[in-house]
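You will see subunit A twice below: alongside subunit B first, and alongside subunit C after that.
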Partner chain A sequence: MDILSLFVIVPVLTIIALLFTKGLKQARLVSMVGSIFQLGMAINLVIAYFKERAINDSIMVFTKDFVWFEQFNIHYSIGVDGISVALIVLTTIVVLAGVFISWKMADLPKEFFISLLVLSTGVYGFFISIDLFTMFLFYEIAVIPMYLLIGIWGSGPKEYSAMKLTLMLMGASAVLMVGIFGIYFNSNADGGALTFNILEIAQVNIPFEAQKLFFPLTFIGFAVLGALFPFHTWSPDGHASAPTAVSMLHAGVLMKLGGYGVFRVAMFLLPEGTIHWSWFFIILAAIGVVYGAFGAIKQTDLKYINAYASVSHLGLVLFALLTLNKIAWNGAILQSLSHGLLTAMFFALIGMVYGRTHTRDIHKLGGLMKIVPFIGAIYVITGMAYLGLPGFSGFVAEMNIFVGAFQNPDMFQRVLTVLAVSSIVVTAVYILRLVGKIMMGPLVNEDFKNLPKVTWYEKTGILLLLIPIVGMGVAPLWLSDMIMASLDPFIKGVL
Partner chain B sequence: MNFTYIILIPLIPLVSFLLLGIFNKKIKPGISGYIGVAGLSTSAALSFYTAYTYFFTIGKVDGVYQTFVEKITWMNFTDTLAIDMGILIDPISVMMLVVVSTISLMVHIYSRGYMKGDDGYTRFFAFLGLFSFSMFGLVLATNLFQIYIFWELVGVSSFLLIGYYYTKSSAVAAAKKAFIVTRFADLGFLIGILIIGYYTGTYDFETLNNPEGSTILNWASSSFMGLSIITWALILIFMGGAGKSAMFPLHIWLPDAMEGPTPVSALIHAATMVVAGVYLVARLFPMYYFVEDGFALNIVAYVGAFSSLFAAIIAITQTDIKRVLAFSTMSQLGYMMLALGVSGYDGHEGVGYMASMFHLFTHAMFKALLFLGAGSVIHAVHSNYLKDMGSLRKYMPITNITFLVAALAISGVFPLSGFWSKDEILVAAFEHNKLIYFVGIFVAGLTAFYMFRLYFGIFWGKNTTYKHTPHESPISMTFPLMILAFISIFSGFIPFSELITPDKAGFEAHLNIPLAIVATIIGLIGIGLAYIFYKKENDLADRFSNAFGIFYKWTFNKFYFDEIYLFVTKKIIFNRIAGPIARFDKKVVDGTMEGIGNKTVVISKKIKGIQSGKVQDYALSFIAGAVVLALVFIYLWTN
Partner chain C sequence: MNFSNFLLMRHEILLLTITLLLLIGEIFINKNKKSSLVHLAIFLFGIHTAIGFFAIDECSIFGGSFQTNNLIHLFKNVLNIGVFTLLLQSADWIQEKIVNQNRGTEFFILLFTSLLGMYFMISAGDFLMFYIGLELSTLPVAALASYETLKRKSSEAGIKLILSAALASGVSLFGISLLYATSGSIFFHNIIEVITSTNLTILGFILFFAGLSFKISLVPFHFWTADVYEGAPISVASYLSVISKGAAAFILMVLMFTIFKPLIHTWENIVYIVALATMFIGNLFALRQQNMKRFLAFSSIAQAGFILLGLITGTQLGTATVVYFILIYIFSNLAAFGVVQAISLKTGKENMDDYNGLYRTNPNLSLVMMLALFSLAGIPPVAGFFGKFFLFTAAASKGYYLLVFLAVVNVTISLYYYLLVVRAMFIRKNDHPIPFFKNKLYMRLGLLITVIGILVLGLYSPLYDYIYELSSIYN
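Let's look at the complex of A and B:
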């Protein structure tokens, strides 16, 4: 069995096993075992990747190809490079942490874990695919369970939020599909057969007119999931209503599909379209960075704060991608990983706070540090990491982005870069406001005196996320070198 | 010479931080104090050993002190541009090691007494470890990015320690303020670093500072709005330095930072972290001096001079003893900045630079002493305010004597350390810029005045009756006071001009007798006035403040700078930017999306009648459609 397909097969087997479980205890045990197994596979994949990389310098390694639908030349074609390996590792970590955080999911546990794993299957499939059609299929598999997860296990106006999220993402998918077919029908521009294979299309010189037309469609199609301003509004409502583990997975992993897709499909396959359009989308991205940060300042719901913060931080990913610079691209991938871990951490913490106090309104919270010091300390650490403190992953990512973006002496881009850099101050404002309000200060509610202690499974989930955050921040070199080495094929197109 | 062991100096406090931070609850408070003190003692011993080896065993080679660098790559950007981590050994970094480790060790020892019985005792020592680690990393940095990294880390340590009493709202607010104001300043610093990285292709201090290097020789090669782009970068980097060193107008966080425990104020907000800005300018001094003929350096000089005057005036009217000391710190930091700003480079020209580092050293000692003394007083009377103090000399003899020593030292009284360093600063200013000299000499008088106002107010003055009779602090607290007093008396005799100069070669320093006499007289006038006003209880001071009326009120309220900032942040950023964005997002951006959704619903409601399920309706539509199509076809056919 090849090493990549296992990432699809193991979750599917876990789902099948889950079908036979009864009750919460069995369901979570099976999910935990399955997810731990996936984490093991991911670690194995990294080791295997380094070994393979030493002897194999093609763009993708571990490639496999099966014809799936001959008439349209659709293949189940898989392969990974440094970028997808890193994102797969991120996914396994967040999924496992999500399982631990959902340890007490009392409501329909079996169905909940199944949906969660379906979602992760889609994500893994997406990251390993190098066939556009298969990729799109997995993308939809990842997005659709969100509707159920929010609609059934959510809180607040959950039907409304689930509907809004699904409709906006489906709308984007429709646009994306047009883009993908546009690419497909131009993939014979140099003669040869029509193909969905990304590596083959990358060799083809798609006519400029077609690139100009299909780049915005593909870009927007993916970028909506990456919270591109002004298409980000599904995210605050969606996150606010979603249960904790779903928010973690969604913000932590699913939103990364957006940036990844933009990079792997829109920018890689349509380089001339990218150059033609980048000035426009980079403005949107830069606005998103600052706008999201300012938006977060005024929110009072913990999840809304985090959702707007994500708009800002993922705006930075899109911004970095559109600077068309290798250092910034490296930063964009690092930022995807870093934000994935950090935002999952924040949602986990919010879940832990909400589970105890039953409120997410920051005006009703305060002084929790004294009562639940573990949550308080981790909240402060996460906040610091989020605002880009050195020693944590966020700093490394941001510095790559800023240094990279600064390599272009063009005045227009300089201004946008400075604008994006200034978000570090605004981020500090909303993070400190948040931490200062809910964790520090006097205790606002006497009822909070008897909040339950932090449990072992919560601690496990948190530590799972914290270790890579610190690891990336302290010793970033090997990871960044791994990613950097995979960026060359991309840079050729846009130079 | 192998200096690799120096890596232990920062690492030991880091280990102590991790140990105390992770096993917070499991370690008994007594033990954690010992762990902290033991760690810092080791670091301090290594620092002293380094200083001795560097200055005396190795000494000058070919008449200059050597620079030793050891580093590894931490993060690669391109083949040439990378962030390194390493240690840089040169005169100023060695001196800073001594300053930081001495003060930090004294504060560790002192805190064992001062923090006794506090809930967060272990946490406190953990944070002290974190701070010491970051500060050592900062002074040893080999490049701009490394210094920035540790710069942020000292910032966060400062945040954690100011907010140490985190259940107090005022402490939380002060911690936030300190972090955000310095973060704003660091934005400038970061952009400066990005500019330097892009235009010079390196972050390395050695390459940048080389007077024959391409950066300094080619500063004119690119310009922006009439100034060299490198000058812009240096100005932006100075913005970062001004934020950390509480220069006007980024000073507003420092007085509030006094919410932290007093040993923290002594360590971070008097002796070490706040001098990071001065250190940064000194670190890049060749660039500041040579690029665009010192344009950026002039800015440093004027900002320093103004801050020093501004803060000294405010210090006179404050009634919280820690705030008096905070403004005094700001004023003295301005002194150091102005000394750097008027300095030259070669030989005796470099007196300003030398004086600045000299004053940094002596000031660290006597200001830490003042803070720790104030802490001892606060510990005894449980109040920060002058009105609750008086005649304490009767109860606290050691604190009284050591505080007096520090007050005399900062006022520049012969032959204490402050006299020597301040004299060199005034010499440098006198030789290069008369205006700045006059500011400096006036501030010297003000300093003597407000310092003795404080001294007399605490230890003499009115006969306050105390609820609990104050008593001298325990030996763990008075011991550091005595050590620091000893250093404050004698450190003026260290031959700084031999050790620390911009060209690293050293020069013969001579006491400039006329200037020294003028400075001493001004200082004595300040002390004399304070004696008249505050030695015995009288109403002279009140009559004066009433006479100055509005000016007194403005000064007492720190010229309303806090209110201005509050207006900008609350009224403009929160209410005029963040608020509208939040509303805009809800109403317009989201509203549009919702609108599309709602319109779809409306339209679907309107047309859903078509799908009525009645076969007759469908048949009718079908026939109608067929007829229309037939007509269209016939029409097309016939044409």
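Let's look at the complex of A and C:
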């Protein structure tokens, strides 16, 4: 069995095992074992990747190819480079942390964990695919469980949020589908056969007219998932209504599919279209960065704050990708990883606060540091990392993005970069204000004095996320090298 | 005349034999054990379905008025599996409601006769055979639609169906007569040779197309659909939306790809507009339906619109994707109707609100329903995704990107109302949910077949390749 297909097979086997479980205890045990196994596989993958990379310099390694639908030239075709390896590792970490955070999921536990694992199967499949058809298939597999996860286990206006999220994302995938058809039917432009294979299409010179037409469709199709302004509106509602583990997985992992897809499909396969359209989308991305940050200031619900912050930080990913600069791209990937860990951590902490105090309104919270110091301390650390304090992952990512973006002497892009940089200040405002209010401030509610202690499974989940956050901040170079080496084939097309 | 020719009509002759056997069988069955008639019918039809899978030679007999080939043969088998599943799903209903009124045999006879008509229709080699098949397949269904005689809505459904069917077949007949006038023959192979794009043939085509559109319930000929589905017994509604629609879409495709091929520049535009109208009207009207039968009626109208996306191409790819899509559609829709039938039989409830909280009492039924709806909506990894993706690929292969775009917009709209049912079953709470009940063996078997179909048909790629290979016959 090859090392990559296991990432699809193991979750599927876990799901099948879950079908035979009864009650919460068995279900969470099976999911935990499955997720730990996946984490082990991911670590193994990283080691194997470095070994393979030393002797193999093709774009993708560990490639496997099976013909699936012969008539359409659809293959089950897989392979990874440094970027996908990094994102797979991120996914395994967040999934395992999510399982720990959902340790006490009382209502329909079996179904909950099954949906969670279906989602992660889709994500893994997406990251390992190098065939547009299978990629699209896994993309939709990853999106649809969100409906049930938010609808059944969510809170607040969950029916509305779940429907809005699903329809917007599925609508985006519909647009994407047309883009994929456009790419597919132009993949014989050089006289070859029609193909869905990304690496093969990249060799083809798709006519400029087609690139101009299909780039916006492909880009928007993916970027909606990456919360591109003005298509971000599903994200705050969805995050706010979702249960903790789902918010973690969703903001932490699922939204990364958007940036990854933009990078891997839209920009890689349609480079001339990218150059033609980048000025337009970079404006949208910059607006998203600033808008998200100001939106976060205005909110009073902890989850909404974090959701808008995600819009801002993921806007930064799209912004960096559209600057068409290698260092900025490196920053974009690092930002994806860093934001994935940090936002998952934030949602986990919010879930822990909410589970104890039963409110997410910042006006009703205060002085939690004295009562649950663990949550308080981690909250402060995460906040600092989020606003880009050196020594944590956020700094490395944002530094790369802005240095890269500023390298372009074009005035238009510099103005936008300055605009985007200003979001750092705004981020500092809402993070520090938040920490000051709910952690440091005076105790607002006497009932909070008896809040339950932090349990071992919560601590495990948090530590799982904290270690890579600090690790990325302290020793970013090996990761950065791995990503940089994988960027070369992609940057060639757009320079 | 060689008698071995009759063996080539194996499907038709066997079905006729079964029908007669059932008629005779009723005489010998003990009055107190009338329900064993159902077992007999299912058993006989099962054998018929199994025998159908043996290979058959390509042929054209009776002077060319009856023809068959591997694709037609495959399609007849698909129809057989569909009807077999339908029989399993409606066995309980027949046993409980129909047999004790002494009308069990008639039900099977009418159903099988209608199926026989479809065999003749899709095997037709001339317009006479085609027309006989069309009528034979429609008239018994009108009787079946009004089978629940005590309900006013059921009688109304029967009348509505027969009136619109009569009108439709009249219109097609007029179209056929115009074609005869221009080409001087009713045989397909003669018409193919002489047909040219003149005003008269185009008018003939349009009338013919309109007539068949009634059967497939394409907009603007869809008005009967929702009312008939709502009034008719669920088995009959299911039969209409699955088997009848599938067969009509198939023969329409075959005729458009063969004898009407020279008119492709005309019918491309017609199909384009009709496809858009059908998808949008079907989907938009489905949004606000509360009754599950009406809901599925509009959903099946919208699905017919998707079929037209493959039809518009006029290529081998189009043939293959349409047949593949119909195959998947049959299984998905049968599963949905099966669940509606099971619930309606036990509780008499048919509204979407009644399904609130269903998952917590009847998880298996809810899961089947969810799979069926996801397949209809085209969500991976179930079969519907592959069916739709390939249909859209076919349309895009001819450069109809705008049409594909509008179709995927429709997929999103349709997802909304399919999710409404999922929401009712999984998310909504209910103070008085449908209590837990266990289905009888036949129903469970009937649902199992559909679920296997939904899960396997898409992922198992050799099936598509096989259909594609067979489809070369019409190009």
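FYI, the second predicted complex is superposed on the first by the 495 of 495 C-alpha atoms of A that agree within 3 Å, B and C clash if a C-alpha of one lies under 4 Å from a C-alpha of the other, contacts with A are read in each partner's own complex, and residues count from 1 in each chain.
Note that in this section a residue touches a chain if its C-beta (ideal position, glycine included) is under 8 Å from a C-beta of that chain, and two chains touch if they have at least 3 such contacts.
Quick caveat: nothing in here was measured; it's all calculated off a predicted structure.
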Check the residue A:V425 against both partner chains and state whether it touches subunit B (first), subunit C (second), both, or neither.
first
Given the touch rule stated above, what does A:L148 touch, subunit B (first), subunit C (second), both, or neither?
second
Specify the partner with more touching residues on subunit A, choosing between subunit B and subunit C.
B
First (subunit B), second (subunit C), both or neither touched by A:F185
second
First (subunit B), second (subunit C), both or neither touched by A:M177
second
Tell me the contact category for A:T166 with respect to subunit B and subunit C: first, second, both or neither.
second
Between subunit B and subunit C, whom does A:L137 touch in the aligned arrangement: first, second, both, or neither?
second
Please work out whether A:P442 is in contact with subunit B alone, subunit C alone, both, or neither, and reply first, second, both or neither.
first
Name the contact category of A:E70: first (subunit B only), second (subunit C only), both, or neither.
second
Common interface positions of subunit A, toward subunit B and toward subunit C:
167
Could you list, by residue number, the parts of subunit C that touch subunit A in their complex?
317, 320, 374, 379-381, 385, 389-390, 392-393, 396-397, 399, 401, 404-405, 408-409, 411-412, 415-416, 419, 422-423, 426-427, 461, 464-465, 468
Under the stated contact criterion, what part of subunit A meets subunit C in this complex?
68-72, 74, 133, 137-138, 140-141, 144, 147-148, 151-152, 158-159, 162-163, 166-167, 170-171, 174-175, 177-178, 181-182, 184-185
Subunit A - residues contacting subunit B, complex:
164, 167-168, 229-234, 291, 294-295, 297-299, 326-327, 367, 369-370, 380, 384, 387, 389-391, 395-396, 399-400, 402-404, 406-407, 409, 417-418, 421-422, 424-425, 428-429, 432-433, 436, 439-443, 476-477, 480-481, 484
In their shared complex, subunit A is touched by residues of subunit B numbered 73-78, 81, 83, 145, 148-150, 152-153, 156, 160, 163, 166-169, 172-173, 175-176, 179-180, 183-184, 186-187, 190-191, 194-195, 197-198, 573-574, 577-579, 581-582, 585, 589-590, 592-594, 597
